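Alright, structures below, take your time with them.
Two complexes are shown next, each including chain A; its partner changes from chain B in the first to chain C in the second.
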Partner chain A sequence: MLEVRGLHVSYYTLGGVIRAVRGVSFRVSPGKGLCIVGESGSGKTTLGLAIAGALPPNARASRGSVRIDGANILELGPEDLERVRGSLVSMVFQDPAASFNPLFTIGQTLGDIARHKLGLAERSEAREAALAALRRVGMPDPERVLDAYPHELSGGMLQRVAIAAAILPRPKVLVADEPTTMLDVTLQYQILKLLNRLKETLGLALVFITHNLGIAAEVCEDILVLYAGHMVELGPTDKVLEEPLHPYTQALIECIPRIDRGPGRLKPIPGSMPDPRRLPGGCVFHPRCPHVMDICRERDPRPVALDKRVVSCLLYNGEKGGAR
Partner chain B sequence: MSLLDVRGLVKYFPVRKGVFGRVVGYVKAVDGVSFSIGENEVFALVGESGSGKTTTARCILRLIEPTRGEILFMGRDVTKLKGRELKWYRRNVQAVFQNPFLSLNPRMKVKDLVAEPLKVYRDQAQDVERAVEEHLEMVGLPREVGERYPLELSGGQAQRVAIAKAIILRPRLVVLDEPTSALDVSVQAQILNLFLDLKKELKLSYLLITHDLSVVKYVSDWVAVMYLGRIVELARTEELFENPLHPYTLALLSSIPGTKKAKWKRIELAGEPPSALNPPKGCRLRPRCPLAFEKCHEEPQLVEYSKEHWVSCWLY
Partner chain C sequence: MSKAYVAKRLAMLFMVVLGVLVITFVITRVIPARPELLWAGSHPTEEQIERARKELRLDEPIYVQLYYYLKDFFTGDWGVSWRTRQPVLQDIMESLPATLELVFAAFAIAVMVGIPLGVLAAVRYGRLADGVVRVFSVLGASAPVFWIALIAQLVFSSWLGVLPGAKRVDESVVIETGFREITGFMILDSILQLNAAVLLDALKHLVLPALVLSLYPLGLTARMTRALMIEALNEYHSISLQVWGLPRRLVVYKYALKNVIAPVIASLGLSFGYTIIGAFMVELVFVWPGIGLYAALALLSFDYPAVIGCVVVVALVYSLVNMVVDIVHASLDPRVKL
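Moving on to the complex of A and B:
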């Protein structure tokens, strides 16, 4: 079980402090998926890195906790963290080519992981484990792939190998950061189906990051919508997509072209994302919100539980008009 | 009459090997493509990576020489244009690409970038400054952006600058190669709306290259689906979505997330696209197609299935 509570992450830069994640809480059970969506710069990757214990040196998780089966990832020292990475939580990235050393064959890379993370000293054992992982991700002709170099594989195949590498040490949590964005739609679909299957058969808690809400519907039970680092809505996928409560979720869904709509104009979200160093006071979304009220400029909304989900919006914050 | 006619376009890239650069084969990037774009029409090319969309566009823009085939613009053979006629063609056919930062000189101010085509193609007599201001406004940029450099712009703003630059000479056709793929969803919606507005206002035609079929649904009049250098299906947009025929088109539609309940037949392709260096014999989709049968070892032709709808598949 993955449990994130009240998480805050900041980057320390010469230009000032960037509060990339501000108060995010959620849970993901084994065999289930949570999708993190939001515009560029909303803090999705930062949140993913924090869960995977892989934040860059200039980032700090200043508050909150990330627990996997009880252990708080944020409190681990460098050595424990190294041990935990892979065997407790793994991450897959957008560009699979960037995560492989071009000088090693796939077999060498996967074999290394098997030796270090599974403690398989025998060369033949490590090779067997690597082969098993490739078979598990549905790789055709896995023996041949073991002897191939990364550049000899297509993007779709390489992403499959990256997933094989991630699940090889049998993690409890898999964080996938836009793993299909660089792939063609037909390959994208194959990878989504694969992640779905792995999540169920291996009992993984899957955290799937995307800016494509349609993809969310394919792989995840729950959706978390982020805006400027804030958790604006969290709930079951179909609820959030079909009856979004937060005005930002509504606007985000509305601006995406849909195959069952058109022709004609689209509906962009008015305005643009705020500069992360100068976030507006009150509710961070108020300058772009079609339902803005006076109080939104002053007061930060607290997350409230409503209709099977959590939403942070003053429209639903008690004093003003009750729960609606 | 149509504005642009592409007839039997072929582009092979030689593959060389060894010290003497011996040609060992050809990448058949575009292998017999024909279509027409009418006045004030949007024509979309969709298809997987490597299917030859960009190569088709580059031939049309005369950035590369086609191996064979004809490209007619307002009845004139584009591949034969020289001198003043070529200049006339280049003014009338402009382009916007995926990454605006690559096509905008980082050392020039926005206002100079937008003015550049005017300086290249016209005498100085006309009021350049006013034209630049007008066009910045037309693409929805505040005047002060003119004083900035490209790297001081967001992705969406930079794409607007590229668009202003492309329309300032009042072209008849604008080639859009994945113009919104690098943009955030909300910005994509803004830019697509801008394309629709400019089409109406300036009577533009577009050749829109994209891999996103839902974008096509909003802005395009016609769609051609490409697979390994060939057009496999071509139709009016509403007709294609109403009645998709080719298994590859069905597979593309089926892989759009969130369309489980759609009315078309769901098709999943096996494996990955083969290389354009050695395309399969017969129908190129055969090795991956779940509906393939004996006949598919022969090559199908693009035939008219119904009014304004062509398909290249033995099933029809």
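Moving on to the complex of A and C:
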């Protein structure tokens, strides 16, 4: 069980403090998937890195907790973090070709992971574990792949290998950060199917990060919409997609081309994401919101539980009395 | 590595040597000097000078001289040194091992000290150790080698007296122990003969000039290693390996380090030329009987065959070293196919 509570993450840079994630809470059960959706700069990758215990040195989680089976990742020292990474939580990234050191074979990389995370000192044992991981991600001809260098494999194959590397130490949580963005559409679908299958067979809690709401529906039971580091809406996938509550979610869905709507122009969201160093006062979305009210410029909306989900919008603050 | 590649490289090597030969030959013939005066001995008469011109073929047109020179050169006759009156090839074969020993020692120091220093600086990026390494490497790569050689000689040899300041070995030790030359490499020969006394003495003589000569490639290596290591550690693959659970230690010293080694070796190959020039100066200061000392004396006495021989040998060694470097590079990086 992955449980994130009131998480705040900031980057400390020469240009000032960048508040990338501000007050995000959610939970993901084993075998279930949560999709984090947002535009670039919404803080979704930072959130993923925080869960994977891999925040860069200039980032700090200033408030909140990330618990996996009760243990708070954010409180671990460097050595414990090294132990937890891979074994408890792992991550795959957007660009599979950049995820592997080009000078080492897949077998060397996977073998080292097996040696260090599963304690397999024997060469043959480590190789066997690597092979098993490759088979689990449905890799054809895994023996040959082990002896290959990354540049000898295609992007789709490498993304499978990356997933194999991530699940090899049998983590409980897998963060997938836009794992299909660099792949063509048929491969995207295969990778989504694979993640779905792994999630169910291995009992993984899957955190799937994407900017594409259409993909979200394929793999995840729940959707979390992120805007400028703020949690905008969280709820079951079908609910959020069919009856979005938050104006931002509604606007995002308007942007998806749909085959059943006939021809016509898509409606882009006017304006752009605010500069994270100078967020607007009140609700962060108010400068672009079609339903903006006077109060939105002053009050920061609290997350409200409504219709099986959580939404942060002042439109709904009156209805259920601000319950958390 | 294909046979065609090796053949191509050897053909290129031949072209380089030929080009160097022609250029240095032409340069030595067009500068206004009268080398026949040296050949003719002291206080020569007009006839003696005329005879010297004939013997040295200086009375022929330059292309005829070049033709004869090239013909002789490729049959192994590099001419006779006008200064030592010995065959140039023999002179060079006697002095080249001393230079190579010095240069190889300097490169060994550069690699063994420079790479760890660069890695240390990269791992402690922005901290004190990083600053110290950066200052040291810039000083090492920019201080003039002859000046450092003189200072080192003054301090360690004259003032402190801890290390010898000249020559490759103490002659008396060589004579007492019955040491013979086999390859011309003092260290190697003394090991082959299990001659500890000569080995120790040769090492003592080697330390100071090799250290001085190593400063340039060492500074270069440390700076390159540092920059490449910082880059490698910021690459996605270094991050993903750690996210997948590999210890940082392993990611730094096994994975990222390998990305660093190949380009560092390539840059060392290119710096070989500068280091040989450095060796010329170090040899002059430390009276090191190598090709640099030989070439300097040859230049000062307009000893053209010796000068051309030295230039060609240096070009040859430089080309060979870079060929080896390319092969090493290809063996480290699976993406490079030769």
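The criterion applied here is as follows: the second predicted complex is superposed on the first by the 316 of 324 C-alpha atoms of A that agree within 3 Å, B and C clash if a C-alpha of one lies under 4 Å from a C-alpha of the other, contacts with A are read in each partner's own complex, and residues count from 1 in each chain.
Just so we're on the same page, contacts are C-beta pairs under 8 Å (C-beta built on N, C-alpha and C of every residue); 3 or more make two chains touch, one makes a residue touch a chain.
Note that this is a predicted model, so its numbers are computed, not measured.
Enquirer: Clash or fit: what happens to chain B and chain C when chain A is overlaid?
Expert: These partners fit in the superposed model.
Enquirer: For A:P290, decide between first (touching chain B), second (touching chain C), both and neither.
Expert: In the superposition, A:P290 contacts neither chain B nor chain C.
Enquirer: On the A-aligned overlay, A:A52 touches which partner chain: chain B = first, chain C = second, or both, or neither?
Expert: A:A52 contacts chain C only, not chain B.
Enquirer: After the superposition on A, what does A:E218 contact: first (chain B), second (chain C), both or neither?
Expert: In the superposed model, A:E218 contacts chain B only, not chain C.
Enquirer: Going by the contact rule set out at the top, does A:Q188 touch chain B (first), chain C (second), both, or neither?
Expert: first
Enquirer: Of the partners chain B and chain C, which touch A:G119 in the superposed model: first, second, both, neither?
Expert: In the superposition, A:G119 touches no partner, neither chain B nor chain C.
Enquirer: Touching A:G15, do we find chain B (first), chain C (second), both, or neither?
Expert: In the superposition, A:G15 contacts neither chain B nor chain C.
Enquirer: In the overlaid three-chain picture, which partner chain does A:G70 touch, first (chain B) or second (chain C), both, or neither?
Expert: Touch status of A:G70: no partner.
Enquirer: For the superposed model, what is the least distance in angstrom between any CA atom of chain B and any CA atom of chain C?
Expert: Nearest C-alpha pair, chain B versus chain C: 6 Å apart.
Enquirer: In the complex formed with chain A, which residues of chain C make contact?
Expert: 235-248, 250, 254-256, 258-259, 262, 332-335
Enquirer: Would you mind writing out the residues of chain A in touch with chain B in their complex?
Expert: Touching chain B from chain A are residues 39-40, 140, 154, 156-157, 184-189, 192, 211-218, 251-252, 255-269, 272.
Enquirer: In their complex, what parts of chain B are in touch with chain A?
Expert: Its residues touching chain A are 48-49, 154, 156, 184-190, 192-193, 196, 211-215, 217-220, 237-238, 241, 251-259, 262, 268-269, 271-273.
Enquirer: If we count contacts the way the header does, which residues on chain A are in touch with chain C in the complex?
Expert: Within the complex, chain A contacts chain C at residues 52, 54, 78, 82, 85-87, 90-93, 95, 98-105, 109, 112-113, 116-117, 149, 151, 162, 165-166, 168-169.
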